[in-house]
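My questions all concern the structure below.
Think of it as A, B, C, D and E in the order they're written, each chain with its own count starting at 1.
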Amino acid sequence: MSVARRSMARSIAAHAVLITYTLIALFPVFVIVINSLKSRRAIFADPLAWPTPETFDPVGYQTVLRQGDFLLYFQNSMIVTVASLFFVLLFGAMAAFALSEYRFRGNSLMGLYLALGIMIPIRLGTVVILQMMVAGGLVNTLTALVLVYTAQGLPLAVFILSEFMRGVSDDLKNAGRIDGLSEYAIFFRLVLPLVRPAMATVAVFTMIPIWNDLWFPLILAPSEATKTITLGSQVFIGQFVTNWNAVLAALSLAILPVLVMYLIFSRQLIRGITAGAVK
Amino acid sequence: MDDALTLTQVTKRFGRTQVIDGIDLNVAPGELCVFVGPSGCGKSTLLRMIAGLEDVTAGQIAIGGRRVNELPPAQREIAMVFQSYALYPHLSVRDNMGLALRQASTPKAEVLTATDRAADMLSLTALLDRRPADLSGGQRQRVAIGRAIVRRPKLFLFDEPLSNLDAALRVATRIEIARLHRDLGATMIYVTHDQVEAMTLAHKIVVLRAGRVEQVGRPMDLYNDPDNRFVAGFIGSPAMNFLDAGALGLRSATLGVRPEHLAISADGGTVAGRVSHLERLGGETLSYVQTEVHGLLTVRQFGEHDHPVDGPVWVTPDLARAFHFDAEGRRLRT
Amino acid sequence: MDDALTLTQVTKRFGRTQVIDGIDLNVAPGELCVFVGPSGCGKSTLLRMIAGLEDVTAGQIAIGGRRVNELPPAQREIAMVFQSYALYPHLSVRDNMGLALRQASTPKAEVLTATDRAADMLSLTALLDRRPADLSGGQRQRVAIGRAIVRRPKLFLFDEPLSNLDAALRVATRIEIARLHRDLGATMIYVTHDQVEAMTLAHKIVVLRAGRVEQVGRPMDLYNDPDNRFVAGFIGSPAMNFLDAGALGLRSATLGVRPEHLAISADGGTVAGRVSHLERLGGETLSYVQTEVHGLLTVRQFGEHDHPVDGPVWVTPDLARAFHFDAEGRRLRT
Amino acid sequence: MAGRRAVRWHIGVFLAPAVLVYTVIMIVPLLGTLNLSLFARGEEGREFVGLANFATLFGDPRWSGAFWNALGNNAWFFLIHMLVQNPVGVALAALLSSPRLRMAAFYRTAIFIPTILSFVIVGFVWKLILSPIWGIAPGMLDGIGLRSLFAPWLGREEYALTTLALISVWQFVGIPMMLIYAALLSIPDEVIEAAEIDGITGWSQFWKIKLPLILPAIGIISILTFVGNFNAFDLIYVSQGALAGPDFATDILGTFLYRTFFGFQLQLGDPHMGATIATAMFAIILGGVCLYLFGIQRRLRRYQF
Amino acid sequence: QDVTLTIESWRNDDLQIWQDTIIPAFEAANPGISVVFSPTAPAEYNAILNSKLDAGSAGDLITCRPFDASLELFNGDKLADLTDLAAMANFSDVAKSAWQTDDGAATFCVPLASVIHGFMYNRSAFEELGLEPPATIDEFYAVLDAIKEDGTYIPMAMGSADQWEAATMGYQNIGPTFWKGEEGRGALIAGEQSLTDEAWVEPFRQLARWRDYLGEGFQAQTYPDSQNLFTLGRAAIYPAGSWEIGVFTPQIDGAFEMGAFPPPVMAEGDTCYISDHTDIALGLNAASPNADAARTFLEWVGSAEFATLYANALPGFFSLNSSPVEMEDPLAQEFVSWRESCEPTIRSTYQILSRGTPNLENETWNASANVLAGTETPEDAAARLQEGLASWYAPQQ
């Protein structure tokens, strides 16, 4: 598409709106970041001030790095998040393909069944889940978390992906069938690459609650060796006093990996992925 | 030996729209069968039913003597060129063409040879690494053809495969398809709007109209011996002229005369009219003559000719080569 | 009066691929200009640049004397038929055609009249409430045409608008477009692969090759007076035969003879060969003659003729109507 | 696709892993829990009481009062999301998807960052910003001469819920934005080009061309918003506590459920009443989802590109 | 053989102290037993603990909330009976009451600490304004008026956003003065008094009066906000719990001096009452495979050695051990000295009265916040609480 299509006024207006909203979105984040670099006194004395030499105080970060093995926590979070994401995307896309591509008896019931999971908070099943994990000897392993997060992420993934997969041209899939591709090959080689934007979206949606979850790490894997970063940051939230310097520092640090993952996934948001397929 | 393709009372409805209406057809092995018919008459639908991409509402489709109604497309051993191309947008031209072979675990080298051959034949070699989105319309169409022919299956289904190609390429590709057909001994079903393609490629032309078969036959048989006015008018380009036979003092209702069988002269003849428009195509000249009784008549002359536009002329049909039709459009054979 | 369209050194690169290479062109108001050229030569790209859908890498485009390089498509007062149709999938045929008018707040009744007229002309009336997904290829193409013509803008851009239509419809639509053109006095740019369309519709044909203009001229001028071997071979179907002039004892490098200017005879003539293949098209017959020196020659005869395939024949060029080219393919005018 | 085929094993293969993991890890535990709603703590352990718990929930004015209050608040919470979050998300996506917009990736990321933040941070920073004591919001309003408009929003019954809903909107607007953005990307360029040529640009292009083509995605975000809001919990919990003050003005079903199920402070967890509430919530959500799946989604036309 | 004991706790705050001070002391004396202190974010503690106990994955030692939360666990056979623990002899009946069956027959947690309510004040500010800590209610308001008059300081740091602040630091802080501590609390449990009695409504009236002395926008002021207002020197008086001693001292970091006074009495010479609330104890997971080692640990926790360690590490958490504990922190000494001059009592809602639905403690939070914020009158609030209590508590019906 062409430059000529962008009229000047329109594009200025678009930028104005976007910048305004970006400010709204980032202002609180800015407040967090500047305050994570200040002493507690300075935070509350003037929360909006930049850290000055007097008020600059990396005590939060120092506390964080001193307390516990934050690198290990990071690693645990990464492992859990990436593994869960992988299974959610794979299994979710497969199920979504079955639901969107084939007409079979019970299709919509199956769709509804797989969507039930987004309607009740999985926390309610905690006791039974924990009992299963105890029985399976999975307590204090990352596997337990991966299993739970996979199950937790599937409904949303199926829900979103099946909608997007309905938009993939039938002619294209049919061309594949005529080319002798098995249904599996059609799924993996034709459909999956074409719903990349949707996969990226689902990946991001799935990743965030996993990364930020506190509950299941606390219950299923609270041991030092399996702590996740979010759980690790909770140490600073006390009964009567919260070490906000440390919490802000820990959670600001904890954003970075998700942000990186987000950036990676959002590169899959590509325009015109199906361009040129059919006329 | 069984027929390569047998359609028995094949019918298709989309909701309440009847699109294919009880079609019977046999295609012998190795035959090249061309479907022609007006836009929307059901050619693509029929092709898609043969491929297994559309349910058959009623009737039976057999390929090589075996009923395939329930068989998925992958097991029908067919290749197809879609009217809409249906290229894999995320794959390069090479992969688009090679996917089927690689899927069948053909050795890499063989896949490469096959795709390179096809690319060569379709002048796609320079584009092998592009994706469909970066191709021109005609290039896309060629990729679609290439994808079908690298596979060399028993039955080819072509849906207007050359519509976006230029004349030279079209002739070349047509000849390649004919050669492929000869070499492989494959059966082909070919949909086209192009008279020349239909006439030159086909062993058998099936003329469809609103989901029904109007006539099946060899090209020259349809041309020289059409069963009815529709076929007579549809086969041959420019289309046949239909004159009011009564006004000419004949017994039939309509007289069909091909443009080349109308003589035109400034001096005198059977039907008087005036030249309304002249088309010079280089090798031939088409004169459109407006007449009072018979409407607009097309006269085709070889070479370059000139008739003053709006000038009065006389047109004379070659009655020996004319066709007679009754009021219902049925051919009157005498 | 300003030209309706002026291209000055228009250039387009996709990445490093040079697709359009410094094109200069003037189209007078009311003119119908046809772009022809081999598949992939840049016709669609040029059209899209005129429409404002592609950036101009270099050069200038002016519509009605006004530079439009920076103007968005909506302000260029154009209508376009896309090679890939680009119909609105969510709108019915009627709404597809009427949307632009309704957008311009045309009164409802007027929109209705305009769409009904277009539908009528394109035989779409029965399909007005369908959506594109439920249409055949040809029907979609007609909707795309309908969408362009209801708008009656100053400049029409047609990209192979008739490629998926059957012969009858094609002729009818072609005539309608010609009439529309006359009635509106609009300027039209028309891309086609069809020789007949190009020859009959065009005031001016632009022959493109690999992003460059090879020749611009009136149809019969290009046919009778091509500048070079490429144009000579491209205009006219079947294509011109190129004979080795040296072997015939002539001074030029290549002798171009149209198929209709080759005489064929079993008894004797200039060049000896054997009939390799015969195409009977009804009104004419094409004989492909394999010769030792000049390769495969096409001979076109009016009417039905028969030459025994593989039989020896003699071919004689009509030297008076032949063209001479030098080794670089330039026309030698004498 | 032709039907009536031999057994199509692949359907099973495609569904099996998801169904298996999901059923074992999610459905079985949840059913086990919802099942508790039919029991109550008796003399010796658990005893079956049928629907008595539901009778309590809806019959006992204390329970039903709390339930309806939470439901009403939840409805308002949802309404704000539908009226603010989704339109804003769609609008942002529409802007971001305009072709060749410079810095689009930056905007997209920036607007998405709040969604990445954990609730703890979000709760903290908004409380800090809106706090009447530390002066960010009052100071900023002062700066534009509107100090008088300031109120301790989070502490006032009439504003607290709306304020929290707007914070939640701020946090989650990235979700509809991203989903709609992905949907917009799938619209073929040529359709948009055709619209440009037809003179359909800007807003009307969005309304007339893009919106109809992404309706299914809009449907999805609506239903996800519905489900998400009626399950919401964390934001209120971290910023207003489990008692969802002031005076339960921000109590929504999620906090009500949490308080009841897991207990809070001296209030012991009551899995039976908790499960009862959960079942009631589940019924409400399921009703909404079914309405969508069978009433709306079926009618949405989808277009293949 | 080595065993590792895991302690479940909500005291994130104490992680350092356990790791660096308490556990090493124990481990040095008991080779072969190692101890891990594994705290959970306080808000989630009950829910997480219950889930883990139900599923059998909880740690060996369980930090006990007072009264019903732990009693419930004991009745559900989740906590072991520790009545026979030798160290139990080191605790008075009052100290143990929060972790006993209603009849007092069984004790299931070793008491760790109690917390005392009172008021902290900015001594530097008081000196600057020439004020003395008040002893009576009239003096109390006079002081508040004086500070308000002056305008430099917010008279009192309290908000209603975190409802428990109003209830615990307000209502339960000053309430015993009106309902006469244990006397009134016992009478309420026995059904002899009701919450609509003057003694129980008056504390709400006091809260309502406080409203005039709070900072702007106190409705959105959270508990940490209040803490910060006081420690940053912006507020002069802070209704406190003794636990703040430990956290305020480093936060104030010498910027000003703190002092404390007990809840003021109605008239000079009246008996004063303080809330000295048994708050935290340690129990044994009934399913622990390391019960023996855990008992060894609990015996130690009941010892005087532990009491000294703990109380000094956490000034403001006062040992419940009968053996006197030497404390270094002067403010902590000040608080604990009130035990001598005033009648101690525990929070009125904790024992028995919060067993049903509606939960009296939670309702009291809500009511206190409402009254403080002025959205409900003291009388209405009291009536509502009484009605709620009577709806399930037989002695009140």
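A few points about this structure:
Rule of thumb we're sticking to: contacts are C-beta pairs under 8 Å (C-beta built on N, C-alpha and C of every residue); 3 or more make two chains touch, one makes a residue touch a chain.
Just so you know, these numbers come straight off a predicted model, no measurement behind them.
Path length between subunit C and subunit D in the touching-chain graph (shortest route): 1.
Between the interfaces A-D and A-B, more contacting C-beta pairs are found at A-D. With each centre defined as the average position of its C-alpha atoms, the distance from subunit A to subunit E rounds to 40 Å.
With centres taken as mean Cα positions, subunit C sits 20 Å from subunit B. Computed centre separation for the pair subunit B/subunit E is 92 angstrom, with centres defined by C-alpha atoms.
Rounded to whole angstrom units, the spacing between the C-alpha centres of subunit B and subunit D is 56. Within subunit C, contacts with two or more other chains are made by residues 52-53, 72-73, 83-84. Looking at subunit A, one finds that residues 1, 3, 5-6, 44, 126-127, 169, 171, 182, 237, 244, 272-275, 277-279 touch two or more other chains.
Counting only residues that touch two or more partner chains, subunit D has 1, 3, 134, 188, 190, 193, 196, 303-305. Subunit B makes touch with subunit A in their complex at residues 51-53, 72-74, 76, 78-80, 82, 84-90, 99-100, 103-104, 131-135, 137, 140, 147, 151.
Per the touch definition, subunit B reaches subunit C in the complex via residues 14, 36-40, 43-45, 83-84, 127, 134-139, 141-142, 159-160, 163-171, 193-196, 199-200, 219-220, 223-224, 233-239, 258-260, 279-284, 286, 300, 302-304. Note for the complex: subunit A touches subunit E at residues 40-41, 44-45, 126-127, 130-131, 133-134, 139, 214-215, 218-219, 222, 234-242, 244. Only residues 1-7, 279 of subunit A touch subunit C when the two sit together in their complex.
The touching residues of subunit E, when paired with subunit D in their complex, are 43, 46-47, 50, 67-69, 72, 159-164, 215-222, 225, 228-229, 349-350, 354-355, 357-362, 365-366, 369-370, 373, 375-376, 388, 391.
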